[in-house]
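In the two complexes below, chain A is the common chain; its partner is chain B in one and chain C in the other.
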Partner chain A sequence: MDGRGILNGLAVTIKHFIATYVDDFKRKNRYFTPEGVKYRSSPEVEGIFTIQYPEERRILHENFRYIPFLVYDEGEDGQRDIRCTACGICAKVCPAQTIWIVRAKDPETGRPLSKPAEFYIDTTLCMNCGLCAEFCPFDAIIMDHDYEIAVYSKDHMVFDLERLLKSASYYQRIRPTQYAEKAAEREAKAKAKAAKAARRGAKK
Partner chain B sequence: MKRPNGDELQKPGYEIPDELKGSVVVTTLNRLYNWGRRNSVWPMMFGLACCAIEMIATAASRYDLARFGMEVMRPSPRQSDVMIVSGTVTKRMAPLIVRLYNQMPMPKYVIAMGACASGGGPFKEGYNVVSGVDKLIPVDVYIPGCPPTPEALLFGLMKLQQKIEKQSFKEVYTKPDYIPEPVLGPDLMDPRDYPKIREYTQKKLQELQEQAAQAAQG
Partner chain C sequence: MAQPAVAAPDLTARFPDLVTPDTRKGYSGYIVKPEGLLEFARALRDEYGYDYLSSLTGVDYLPEGQMEVVYHAYKITGGPPLVFKVQVPREDPVVPSVTSIWPGANFQEREAWDLLGIRFEGHPNLKRILLWEGFWGHPLRKDWREPYYEGEHKPFKNRTAGPHFWHEDHTPFGKNVDYPPGFDPYAWDPETADEVLYQSVIQRTRKPRQEELHSEQVVVNLGPQHPSTHGVFRMIATLDGETVVALEPVMGYLHRNHEKIGERNTWIMNIPYTDRLDYITAMSNNFGYVLAVEKLMGLEPPERAQYLRVIMAELTRVMNHLWAIGFLLNDLGAFFTPALYALEERELILDVFEAASGSRMMNNYMRFGGVVRDIPEDAWDMLVKLVTDRLPRKIDELDRFLTHNELVRSRCMGVGVLTPEQAIAFSTAGPVLRASGVPYDVRRAEPYGIYDRFDFDVAVRYHGDVYDRYLIRLDEARQSLRILQQAIRDIPERGAPLLAGKPQYQVRVPAGEAYGRVEGPKGELGFYVVSTGKTNPWRYHVRAPSFINLTALEAMSIGNKVADLVIILGSIDIVLGEVDR
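For the complex of A and B:
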């Protein structure tokens, strides 16, 4: 019959419309709470929803990526132990060449240290591809989840070391799976290294 | 950040006597005017590249620009308040962007959405890309990201709303600066000369072939 397709389409639309509001009577706390957002974005929910952005946030996937940040480990007495060794791999793989690193120097001897003195990421160029994070051998540079970085002036768009540094606990919070994997990997590597050193010691 | 609501109209910054509280609204003209202006920022229906797709997603029901009073994407610059430069600004498009900007009525705002619009992005040193739309027109809010998520764009728009709120009535209605349209330089090849070029290359090719044939014989 002609016109059946249109009727079917309209039926689908009205089904969605009703399903969106039927649940409101059954369930409470569906709006403006983290649990509500979680439930509404789960597969079992029916209906179509708007994310009321500033009040409630979409649950981001763990591998969501935005402008990268640098990880530091918190020391016992509160000092920040930067993981970056200023090797420059990230600056080399960056397709848009947004990363600029200056290696730190020993103030007494003038020899280069394996720490960055300056680290810049130009966010006017960064295309969030994640290659820097993928290639970093020290898990020092990680893609962030923070997207609220709009600014009024272009001067604030080049992120320096102070702006880029974020703690390892923040990293663990936003990417728990990756953090656990990488931590286990590093532990295994350290163990193998220790065993090798012990064997070498025994030979001597 | 909080979504703007009508609260600030209730708090004018003046002392209101207790008996008048709840029955009168005291506000400045600036505040009232900016409150209206801020909640009806109409963007121009105008997209340049992949960021435009994200802009469309922001306007659709999942993120819903209408909650901010910005749902009416105007297809004409004469009716729009904000120009969301969403995508790579190529040199070909530059004169048109400036022309559209000149045609917008005051007060007008520009948002540079994404890496390409704010600084050229990965194409910064490209032969055909303007490295940042701020080289052509004044930009109010920059949104980094490639492309920015719908939330990031909404955040940028909220930043713009905050900016509008702080503006004074007097300063926004100044005479608009006319920005001269950039002119495209001469092309490397003029399409009208294509037959001539073709003839020339054919002749050269023939000569080369003859030379090769002679070399083979000799």
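For the complex of A and C:
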């Protein structure tokens, strides 16, 4: 108990303090550049590694998940083909029970179609668990990366179909690996189905 | 899990009139008659060596009209549990209290009284614990309905069928509220509820008035809004001068009846909810819960998933201990420099979690029979760098920074001492238990997953004071790094299966009971689940280490100065999300 412990401790703080400035001199691009942010969130970083939000943003990993959105494929003449078939699995699996779907009806026959007419997610309840996206059989509901969704009134927090829809190209941009995987899966399935149909046709 | 060679004692032969084996399908252990419980328990502890009562909880078997109290007792030297149960009629359930044999039953019995209405005769302080005095009903009873009641289990029909509504339109003064007969919410006076609390602390310590030296005891509230409590938590301390003579923790401010929610949820829905128990250690919570359910389902995860689970759980431990040390220093008054040094490393670990699971804290990563996805390659590289280079270096740095600091030493040494006997008797677990010289670690005592493959030491320290509880966290973080280094060396190649069977959102869980426990960073985290073969659990109970470790808080604090209460509490390392559930 002669104060050496305290001095050693202070040496550690001084080292931390100096490391930041050394790094500032060594790296011209330490702040406000993508490389700088990348470096500051890597295991090599020394010195301070705060990210100056909102001027700088964290680099989100592809798997990052936030409030889900619904995917539509862009048709040739600009129409939006909603992938969701209103099967209701996501609503069933949702732990917070935030999803509510109304099935579309055929305007002529009145029979239910496999498309949603309305789709709501109560984002005041959503716990961002990702189970809906995990179990959707049609790759139609995807966890988003957009975490800046503050609004002035709670009433805007029940997202409707219009608010939820985002394009497949957006999906591809934020989650390239997952998008490619799922597309490959779908293709393989379609091929298997075609082969089966062909075989059946041959039998007849 | 394989049963060890030493068979459990045959207790039916010893107590033929009192004890019968539990023969229900999927159940195990013994059923003990309530009148013989104390005799049985004493024999268990003194003759058979089951000196550690880990978990005590109740189950409401509504169709059978029975209340059941379930006990899990262990030997502190390791091995499987001895499970026994007491069944009493539902109308007026009275069970003798085992606090005289295992003082660690104290809070757990209070919880069972609070939530299930089981009265424990002979309990020294049978009050509500998570709810407030004056609450009507016992919410975990199967016929008790919450004000937001929407159905017995999810998915709730009225939600998935729409239309959307705001819940507060149905509460609190709307049609959905159910007051006890004759209750007037406007006349209810919470003061009286507080009075009950104070009385119980005062009575315990009232001393005969000393004539020559006039001194008086004062009751001091620390919290619920107090920076030291790391949340909303309250300690009622009786002081004699500056010295603590009695203390009672008051909790439940964050209570949301996690267990009732869990019984409404389907099996899989509970996984993201467990994240929110101890929100610092979501991975361990996931692990404990899936382990319990896998026991019922008879699932064995594939190799790579087993390794990924261990990696995640051990990273969680390192990160939790860094956090705990940082905040202990905050409590000591070293405001935020050490805490932020520790948090820096935690952020990097969280980056790995985020890449693998999608979220930094609410991981929702494990599934029944495996894990949800692999660690992506870039995150794997980061993990390897962290485990082999950065974290060992940074833990050494933290050690250099704090361990020999004279101020830390003089504030922490000899403060808040818990003897080994007390630590066992109060059912404490984790670092609190091991810092008191009891080398008990579930990973060793009853290995789960693949922990039997790793070479590591169970950290132990012998003084049982705040300083040792600090040191043991450094020791454990180092041991975790050892496990991690072995795990990244031995893990099967990428591409190996990660899930036994297909991903399913509606799992079939055979009827029966199971208790899954893991060595969480805070101590033994256990999940007791009962299935009736339906889509949701009949009973879902969490043995929360933070909660049960608080049983020892009074024993640690008595005789210490009031100023040290803050660090004594800090050294237990509680998270209120788990304490209050």
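In this text, the second predicted complex is superposed on the first by the 195 of 204 C-alpha atoms of A that agree within 3 Å, B and C clash if a C-alpha of one lies under 4 Å from a C-alpha of the other, contacts with A are read in each partner's own complex, and residues count from 1 in each chain.
Just so it is clear, a contact is a pair of C-beta atoms (placed from the backbone, for glycine too) under 8 Å apart; a residue touches a chain by one contact, two chains touch by 3 or more.
This one's a predicted model, so the numbers in the text were calculated from it and none came from an experiment.
Set against each other, chain B and chain C touch different numbers of residues in chain A, with C touching more. In the superposed model, A:Asn128 makes contact with both chain B and chain C. Once the two complexes are overlaid on the shared chain, A:Tyr53 sits against chain B while remaining clear of chain C.
Of the two partner chains placed around the shared chain by superposition, chain B and chain C are both touched by A:Pro95.
Applying the stated contact rule after C-alpha superposition, one finds that A:Asn29 touches neither chain B nor chain C.
By the touch criterion defined above, A:Thr109 lies against neither chain B nor chain C after alignment on the C-alpha atoms of chain A. In the superposition on chain A, contact of A:Ile67 is made with chain B only, not with chain C. Within the superposed three-chain model, A:Val151 lies in touch with chain B and out of touch with chain C [touch as defined at top].
In the superposition on chain A, A:Tyr120 contacts chain C only, with no contact to chain B.
In the superposition on chain A, the residues of chain A contacting both chain B and chain C are 49, 95, 122, 127-129, 154.
In the complex of the two chains, the chain A residues touching chain C come out as 1-6, 8-9, 12-13, 16, 41-44, 49, 61-65, 88-89, 91-95, 97-102, 120, 122, 127-131, 134-135, 143, 154, 158, 177. Chain B makes touch with chain A in their complex at residues 1-3, 61-64, 67, 115, 118-122, 124, 132, 134, 139-146, 148-152, 154-156, 158-159, 163. Those residues of chain C whose C-beta lies close enough to touch chain A in the complex are 154-156, 159-164, 166, 265-266, 268-270, 272-273, 337, 341, 344, 347-348, 351, 354-359, 362, 364, 372-373, 376, 379, 382, 385-386, 389-390, 397, 400-410, 503, 505. Touching chain B in their complex are the following residues of chain A: 48-55, 57-58, 66-67, 95-96, 122-129, 147-154, 157.
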